[in-house]
Every structure is written in C-alpha cells, then in structure tokens.
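The letters A, B and C name the chains in turn, as written, and every chain counts its residues from 1.
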C-alpha cells in the first residue's frame, strides 16, 4: 500500500517531464519570440501615443503584462506546495523552488516599470497612494521571505516542505494584503494630489497590444520555469541512469 | 493481513524499511517485528541510523520507504492510537532547565496519562531523586536529568517504550535500575525498543544491527 | 539504591478510561509555559523594554511637537508592538526544541494544534498583554487625543494575538535554524501588514469622530480566522521542521 508517509515519487516523474519538455521547448520558445517581437515592436513603434500621456503609455504595455504575470506566482507556488505536501511529488517542488526567485524578479520588474512610468506621469518615482504598487511591494517582501527560508534550511526535503507551507500561507496572505491595502488606500485617497484617472490610457489598440504582451510574458515565464526546472532535474537526478546517458550523449 | 486475528498480530512489524538521508543510504530493506514481552536492542556504529530508525517508528520522521504495521494495521493510518500506547525518550530528554522535576513531570505525564503529585513524588523517589523534587533542573547533573525523564517510565501506562541511548549519562546504579525497569516491563507484557552501546544483561533480549548493508 | 519495587503505578488495563483528556493536556501546557515565563523573566522584560525604548525614539527622531506626534501616535505604538513581538517570538519554541520537549509535544496522543494553541495563549499573556497594558501611557506621551485610547487598546487586544499566531507559524518553520532571528522578521512583518492597517485605521477613525466598530470587527474576523487556521499551520510546520 502506498500510504501518504511513503517517500516515493511515482507521480510526476522528472524523467517524463524532461522528455516531454524537450519536445515542447522549441514550440514554446518560437511562440514566445513571435509574441515578444510583435508586442514590443508594436508597443514601441506603431502604437499611437496616448492623447494624455504621450509616449509614456508605451511603458504601460510592458508594465501591465509583467504585473499581471507576477500576480500568478503565489497561486502557482501554493498549488505546487499543496502537491509537495500531499503527494510528495519531487517535480512540484522543483517548480516551486524556481518559481520563487522568478516571481521576485517579475515583482521587481513590475515595481521598476511602474515607478519609471510614475516618474513621468505622476512626477514621482514612488507613490504610496497607489495601492497596486504598495501591495506589489509587500508581495515582493513575502517572496524574499520564501527565498530566504529556502536557503536557510540545509536539508532539501525539509526546505521543500517548509517552503510549501509558507507559500500556501503566503498566498492567502497576499490576497488579504491586497484587499486591506486597497481599503487603506481609498481612505487616504482624498489627501492625494494625484488623480488615478491618469493611470489608464484607453483605446482598443492599446489593450490589444497589451494582450499580446501578456501572452508573450506568460510564455516567457513558462520557458524560464521549464529551463530552470530541467536544470534542477539534471542536478538532483545526477545518479539516475537516464541522466548519465544524457550526459554521455552530450559529450 | 487477515491470516491472523488482531490480538496475535505483533505490536510492531517493520517491512522493507529503507531510509536515505541527504543522498546517503542509512539502511535498506530492514525487517523486524516486536511483540509484547520482548525487548529489542538496536545496535550499530555512529551514524548508522539508530536514532533515525527510532524516530521513524515514532512517526517523527517520515523520510522513508517501506511499511510498518501495528497489530496488523498500517501504522500510517493509526498514529493516534499508536501514540497513546507509546512512550519515547530521546537523547534530548525533554527536561526543561528552569522547571523543577515535579513541574516537568506534571506536564510530560499530562500529555499522555493523568498523574497526581503523589505518584510523581513516588516515581522520583524510586529514581533516587528524593529531595530534588523542587530544585530547578539546571542545578541537577546530566545523569539526574536523565533520571527525571526516566521517571516517566514508572508513571506511564504505555505498552511500547522506545528509548534512545538512555544509559549514556547514568551511573552504575542508574544503569542497574533502568535494566531492571526494562526487564520488568518486558516480563509484564510490555515491549521495549532500545538503542545503546551497553551490553545489556537482559533475558530474552533480541538484537538488530544496523550498518550491515554496506 | 532503590529497587524498582512496586512501581509501574498506572499499569492497569483501563488505560483508555484514565487517559488524560485533551483539555487536561491543554491546561497543563498553558500552565507549564506560564510557569517557565515567570521563571525566565528576561524573556518577557526585554521585549517590553524594547517596546518602550522604540516608542521613545520617535519624538526624538521625528519631532517633539505634540501636533505632529498626535498624528502618528497610533501608528508608532502599533509598529513598536509589532517589532517587540518579533523580538519576543524567537523564544516561543526554542528551549523546547533544544531540550526535546517539542518531540514529546508531537508524540502526545492529544491533537498537536490544541497544544500549540495553548502555547500561543501563554505567550500572548506574558508578552502581548503587558505591552497592551502599557500602551495608554505611551500613547499619552505621544499626545494621542483622549478619544483614541479605548480604540487603541481594543485594536491591540484584537490584533496582537493575530500577529502572535502568524509569528508562531514562522517560528515553527525556522525552529532549529542558527540565524533565524532575521528570517522570522522577514516572513512575519509583511504578513502582519493587514493587522497594522486595520489597527491604525480604527484609531484614526475614532479620532476623526467616526465609529471604529467596522475596523474592530475586521480585526475580530482576522482573529477568528487565525484561531481556526494558524495553530493547524503551526502544527504542520513543526512536523515538517522536526522531521
């Protein structure tokens, strides 16, 4: 009988993942390159300048796409964490482990592009009255917490499960933080000299370009995750027969 | 699992137990059983996985492959019942330094059995700690602290004792006392799983040696 | 040397009947932790002193003007409480981990989350409560207007247990690590932001003449959610880290 205490990973075998992704990767990378090129060229060269913000609105195409993607990290890590805790699937932890630093980068990029955009539109690099930036900042801190917990625990198994639990708690917390910061923000809004209306340029073309960019960024996320996870598989499974054969072939 | 009735199935059965820690194989395909009236000594050199084995059986460590049964039932599904009949004393003896022996035992017994102060005093007296009941444990020697934790053996109604290196800090009298306790527990129908480097003078003692796989 | 003699005191067959109930184990754990705290006064006193010192830095660092101070008073007290609780949290499971008591807690036949909850309550009684009792005095020194006191104390009463229980999860995740002090804060402080928001909003609302009831109710809801979920998460975390 395969009880839940059994530390065997029949499901989600790393080998299966490695072989499948070898086949998927070219397609994914191709699609990513296509969407990225279309999105960036369109946003930078062809998108008409916003009538209020001018060329600054082009930053938003990237910002919105990165921001949307970075919101998906905690849910992703929480799901992977649940799988790690309940089914002890090694693969889920490999994904979660690589998702945390990637998520921190995406969150950082969101903050950076947001503040670059804000420096022109709002005249300031940082604006506490924008609740999205503030809750992003706390998501960034929470992700750093997961990363530092991972690096602090020496035993890989313990680290995997501790981070899985923290990701689940963190995911619930991010939602609460988001709503409480929104609330806090609306109450402080009247004192703010900045109108949030400026924040949303309109026009269907802008949103289509943004949609293309969102797809591109998600593909980028998928490709990065797959690549880092494959890397991790090779490292962790270095004793397995198929990995040795793979290494022998590469030589 | 139905070839025998429940009462005749052993208290603890371990099958094909394998444990790997940080990419190092501690033991592989370990098989043994322990039943009422028996004492089993786990032997093996440093780092052979004795403590890990005991912690696995207690349910403190679950990084293993293999199966464990109690009375023919999978242990994984019966932890609560198993824990209520289990007394574990690790090499960290669970004695808080600022509390007195009496206060320590009041708590650690309460986690399993009801205990009254008279019973605890009597147990401490038997462990040769009379007069120390109300001194803070930091003023006690390591051996005396070990005795405080071993007093729980006298206060517990647990069927299975799991003792990890209980002799290390005990003096000659203490060793004899504990040997006596273990022997009597086994002859009373209890079961004992023990790790130690001591040569135990116990009738019907069985031994399991780890570290033979390499 | 005594012989084991007539020992084996409770070795009767009716062990299922005289098995101590979960309630008895809960109370015993609560009592034990309170007793340990009373005997190790420094663990209580140092965070408390830290709290008072941190608060007294704000007038020096920002402004001694009472017009300025009254605006930030509630926030300053709340932030100092958060920081002080980070400091006191570290001792929550440390000695129990080191002396092996935590293993015994895990092996108890009683539900672990219940025992964890008892430890959380004991910790709050000795670390949270004194700070809350001192908070009106410090709020007075920060020139908090009279309308704010009751709300400040109420918000702390509802909010500090939430912070304590969130911290308990983080402590359980980092128990046994050498340098856990900072990781603890990195994990717990961001998670405490909603409590800080509603705690300070409640006081500000009371000062503005409104009713703080809504915010206090939200804090109460967070408290209820934490009581239900945090001990379970802490128990799971302890099982992971003691593996």
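Operating definition for what follows: a residue touches a chain if its C-beta (ideal position, glycine included) is under 8 Å from a C-beta of that chain, and two chains touch if they have at least 3 such contacts.
Since we're looking at a predicted model, the values are computed, not measured.
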| item | value |
| --- | --- |
| Farthest chain (mean CA position) relative to chain B | A |
| Busiest interface, counted in C-beta pairs | B-C |
| Centroid spacing, where centroids are CA-atom means, of chain B and chain C in whole angstrom | 34 |
| Chain A and chain B, separation of their C-alpha mean positions in angstrom | 48 |
| Sites on chain A at which at least two other chains make contact | 155, 157 |
| Multi-chain contact residues (two or more partners), chain C | 243 |
| Residues of chain B whose C-beta touches two or more other chains | 62-63 |
| Chain A contact footprint on chain C (complex, rising order) | 169-170, 173-174, 177, 179-180, 183, 186-187, 189-191, 193-194, 197-198, 201, 222, 233, 236-237, 240-241, 243 |
| Residues on chain C engaged by chain B in the complex (per definition of touch) | 1-5, 7-12, 15, 18-20, 24-25, 28-29, 31-32, 35-36, 39-40, 95-96, 98-101, 103-110, 115, 242-243 |
| Residue ranges of chain B touching chain C (in the complex, touch as defined) | 58-63, 80, 83-86, 88, 90-99, 103, 106-115, 119, 122-123, 125-126, 128, 136, 154-157, 173, 176-177, 180-181, 184-185, 188 |
| Contact set on chain A toward chain C in their complex | 85, 138, 141-142, 144-145, 148-149, 152-153, 155, 157-158, 161-162, 165-166, 168-170, 173, 176-177, 179-181, 183-184, 187 |
